[in-house]
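What follows is a pair of complexes built around chain A, which joins chain B in one and chain C in the other.
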Partner chain A sequence: MVTLYRAGTSIWHRLPAGPKAVLLAVVVLAVSVLPAAHWWVAGAAAAAALVCYGVPGIGMRCLREQLWATRWLLLVTAAGQLVLQGPRPAAVNTARVAAVITVAALLALTTRVTDLLDAIERALPPLQRLGVDPARAALLLSITLTAIPALARTAAAVREAQRARGIRGSLRLFIVPFLVGALKHADELGDALTARGIR
Partner chain B sequence: MATARTTRLSTTDMARVAVFAGIIAALGLPGGVSVFGGVPITAQTLGVMLAGAVLGARLGTLAVAVLLALVAAGLPLLTGGHGGAAAFVGPSGGYLIGWMVGAFVVGAIVHLGGRKPVWWRTAAAMVIGGIACVYAVGIPVQSVVTHLPLGKTVIASLAFLPGDAAKAVIATLVVGTLVRAYPRAFGRTWALPVADDAEASPVPAHR
Partner chain C sequence: MTRPPTTRPPTTPLAPTTQPPAGIGFENVHVRLGETPVLRDVTVHLAARTTAVIGDNGSGKSTLARVAGGLVGASAGTVTGTVRVLGLDPQREADRLRERVAFVFSNPDTQIVMPTVAEDVALSLRSRRLPRAQKAALVDAALSRFGLSDLAGHGSHDLSGGQKQLLALCGAFVRDPELVIADEPTAYLDARNARRVAGHLLADTGHRLLVVTHDLALARRCEAAVLVADGRVAAVGDPADVVARYEASLRDEASGEIRAEVAPAGSRW
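Right after this comes the complex of A and B.
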């Protein structure tokens, strides 16, 4: 499956997942609590993102790509702020949101999904007291990982079948056959798990 | 609602949860997006509404939680290929947490008292759980993240209300169709083939 991870050897890549998540969360939180009343906050937010992406092996091109990927979100944020708040809060808060999103994106960019899943699974045992079975939860995550491509194929097959019959673009007509197909797949998956001795 | 909270997840339930998490993900793929006036709107909230309605409160919430855990682990499963921790710290992060609350409330209302879903209760569930609860978590978080006062954030969020209302209507219609076409999907006692009420009779003579 396609992930957000980009292979590399930067300092962010070399940090273990847990401490990296904490460090990035601190930066995100710091940028988030800055007041919106001053222009320098926009500069500080931009500087935080530039420093985080400025390390060797990441680079400004990567930052540009991240900003481009979130352009709609930023545009909606900027437009809403401009209409309701005025130009300065709009500029400061949009810069802040852009910085927060791009800095947080570093976690997924520089950490393998398996490493992050391991970190999540390590965080599960304390939840045991709440009735969460860690082994069960880990199994559930990996079953879902394998189910997603199968469901994407089901969705594509339904869409193709409808296109062949001249049905186009109707969400309602698409979703019922897709759901039924997917839930039948769920029944088979449940049987397959039982057959393999998982109870 | 018949099962106790402490029971271990059965394999059947686990498969249903995994598949529904995948359904919500698949609804965010290119092509699963309907376009209103050039702005892509996500069909994923529709998937969240349906997760609660089909799986019930507990499993529906779990399906959303599993999807969000995979998103947090860096999989681009949200509409537009978004994912990773960035999705949670941005302005729409609160809505993602709201999805869990929404799925729970939708499930609780649709399956109230373990009865078969009827259209008006389903519609109420979609509006209360699928829209109001998601907004109730999403808007305050958006207000904090963007430093836009709460009242103004509410106004800004009204732009998304028509789309969400349309999805609530679609979700209600889909649940109605699913009850008739594939009652097994709900995994409830009323959906068993040996249902004792007259409605389950295969003879359509009295219609």
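Right after this comes the complex of A and C.
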């Protein structure tokens, strides 16, 4: 998510983060609740994605990239549904999943992380009655987001070290050093937060 | 940034006859992390403004710094003996101590929490009850002091290693600490950035410094030095002497150990 954001001037970029998140959530929800029993639903889902990406400044190339990034997920969805439920639900549900993922991705593609966090911090106060501290929740999200590039670096370092020693493509040999690195990162991050007076 | 002397809270040393106020004191301190003894019977008093802690990897020097800063919690290990830092017990009064102590670690990546530079510095003031405008002014002043003003809006993870460590320093110093504890702050840096970071740490801006380091040049620039070997204080005193002793032990590979010419108990520097 940190690396997804692309600078731009499209309508999606210009919308404030809060209303944009709500609008995209409505589209996603609408596509999700349509019945799987009709072929036209597949068309409607595809149309929703095409309209959302069709605005000037985003474009079909971006949509293609998003679909390509989720190809394995879509393939597994399509294959599973085809075997278990037949061709029509498979087509409808796969189109629906593809539309939901790509439309939701627009939020990350067109919103700066800080803008998103500000929106979240503004939106959370109603939850205060339920015992949620908005500043704390936003902080938690920030930490999660900044942990992603750090963990990606750990993963890259582990892969590089293994390649240097001639080990290739073993998940088991990757997982252990990666987890050790991730846990060490968590420990150090905890110390750094404690040391800066965050409880 | 100079601190008006009146803002420093009065310190009440536990035993004023044997301990300088506002310094770091260890009396018969033993530390175990899990089952492993890491520090054994450490007694040392440090009142110098800047003190370096040197020694081999695994000698216990980082633990010494972490205990002083109250970062060895009840779950991680057991600390016995008496520790006093700025007149406080780091294990029991950790929260009060942290208001006055700042940390810098070696890996800048794990110290940076927020997505942009200015936000990350502001995070250090989160627990302070100050008006928004005052916090913003403190952040601006700290950024300009560390030469980061132009990067205020930048993504903090897009910085170079040297800039990240300067950001970590900025996050530490914005709290205007009385004591800065730095654990190998220059370990990940090139010579230029190491020198820059060392300059900021050693500058006399009204803070004390306890720096754990493998950089013997940095150790020599401090006012006092402690040599830790095998969980014990092997030497304490003038940095030139302490570093010379460490270097002698490095040359003396045949014995393979630092001869424990232990400073007399209660030694002070």
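Note that in this section the second predicted complex is superposed on the first by the 127 of 199 C-alpha atoms of A that agree within 3 Å, B and C clash if a C-alpha of one lies under 4 Å from a C-alpha of the other, contacts with A are read in each partner's own complex, and residues count from 1 in each chain.
Methods note: a contact is a pair of C-beta atoms (placed from the backbone, for glycine too) under 8 Å apart; a residue touches a chain by one contact, two chains touch by 3 or more.
What you see is a predicted model, and the numbers here were worked out from it, not measured in a lab.
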| item | value |
| --- | --- |
| Partner chain in contact with A:I120 - chain B first, chain C second, else both or neither | first |
| Which superposed partner A:T9 touches (first chain B, second chain C, both, neither) | neither |
| Contacts of A:Q128 with chain B and chain C, given as first, second, both or neither | neither |
| Chain B versus chain C as contact partner of A:V28, first or second or both or neither | first |
| First, second, both or neither for A:I198, with chain B first and chain C second | both |
| Of chain B and chain C, the chain that contacts the larger number of chain A residues | B |
| Which superposed partner A:A104 touches (first chain B, second chain C, both, neither) | first |
| Touching both chain B and chain C, residues of chain A | 2, 113, 117, 139, 143, 145, 150, 185, 189, 193-194, 198-199 |
| Contacting residues of chain B [partner chain A, same complex] | 5-6, 8-23, 25-27, 29, 31-32, 34, 39-40, 43, 46, 50, 54, 62, 66-67, 69-70, 72-77, 80-86, 88-92, 144-148, 152, 155-156, 170, 173-174, 177-178, 181-182, 184-185 |
| Complex contacts: residues of chain A adjacent to chain B | 1-5, 21, 24-25, 28, 32, 36, 66, 69-70, 72-73, 77, 80-81, 84-85, 89, 92-93, 96-97, 100-102, 104-105, 107-109, 111-113, 116-117, 120, 131, 133, 136, 139-141, 143-145, 147-148, 150-152, 154-156, 159, 169, 171-172, 174-176, 178-180, 182-183, 185-187, 189-190, 193-194, 198-199 |
| Chain A to chain C touching residues, read off their complex | 2, 113-114, 117, 135, 139, 142-143, 145-146, 149-150, 153, 185, 188-189, 191-199 |
| Contacting residues of chain C [partner chain A, same complex] | 69, 71, 95, 98-99, 101-103, 105, 107, 109-116, 119, 123-124, 126-128, 155-157, 171-172, 175 |
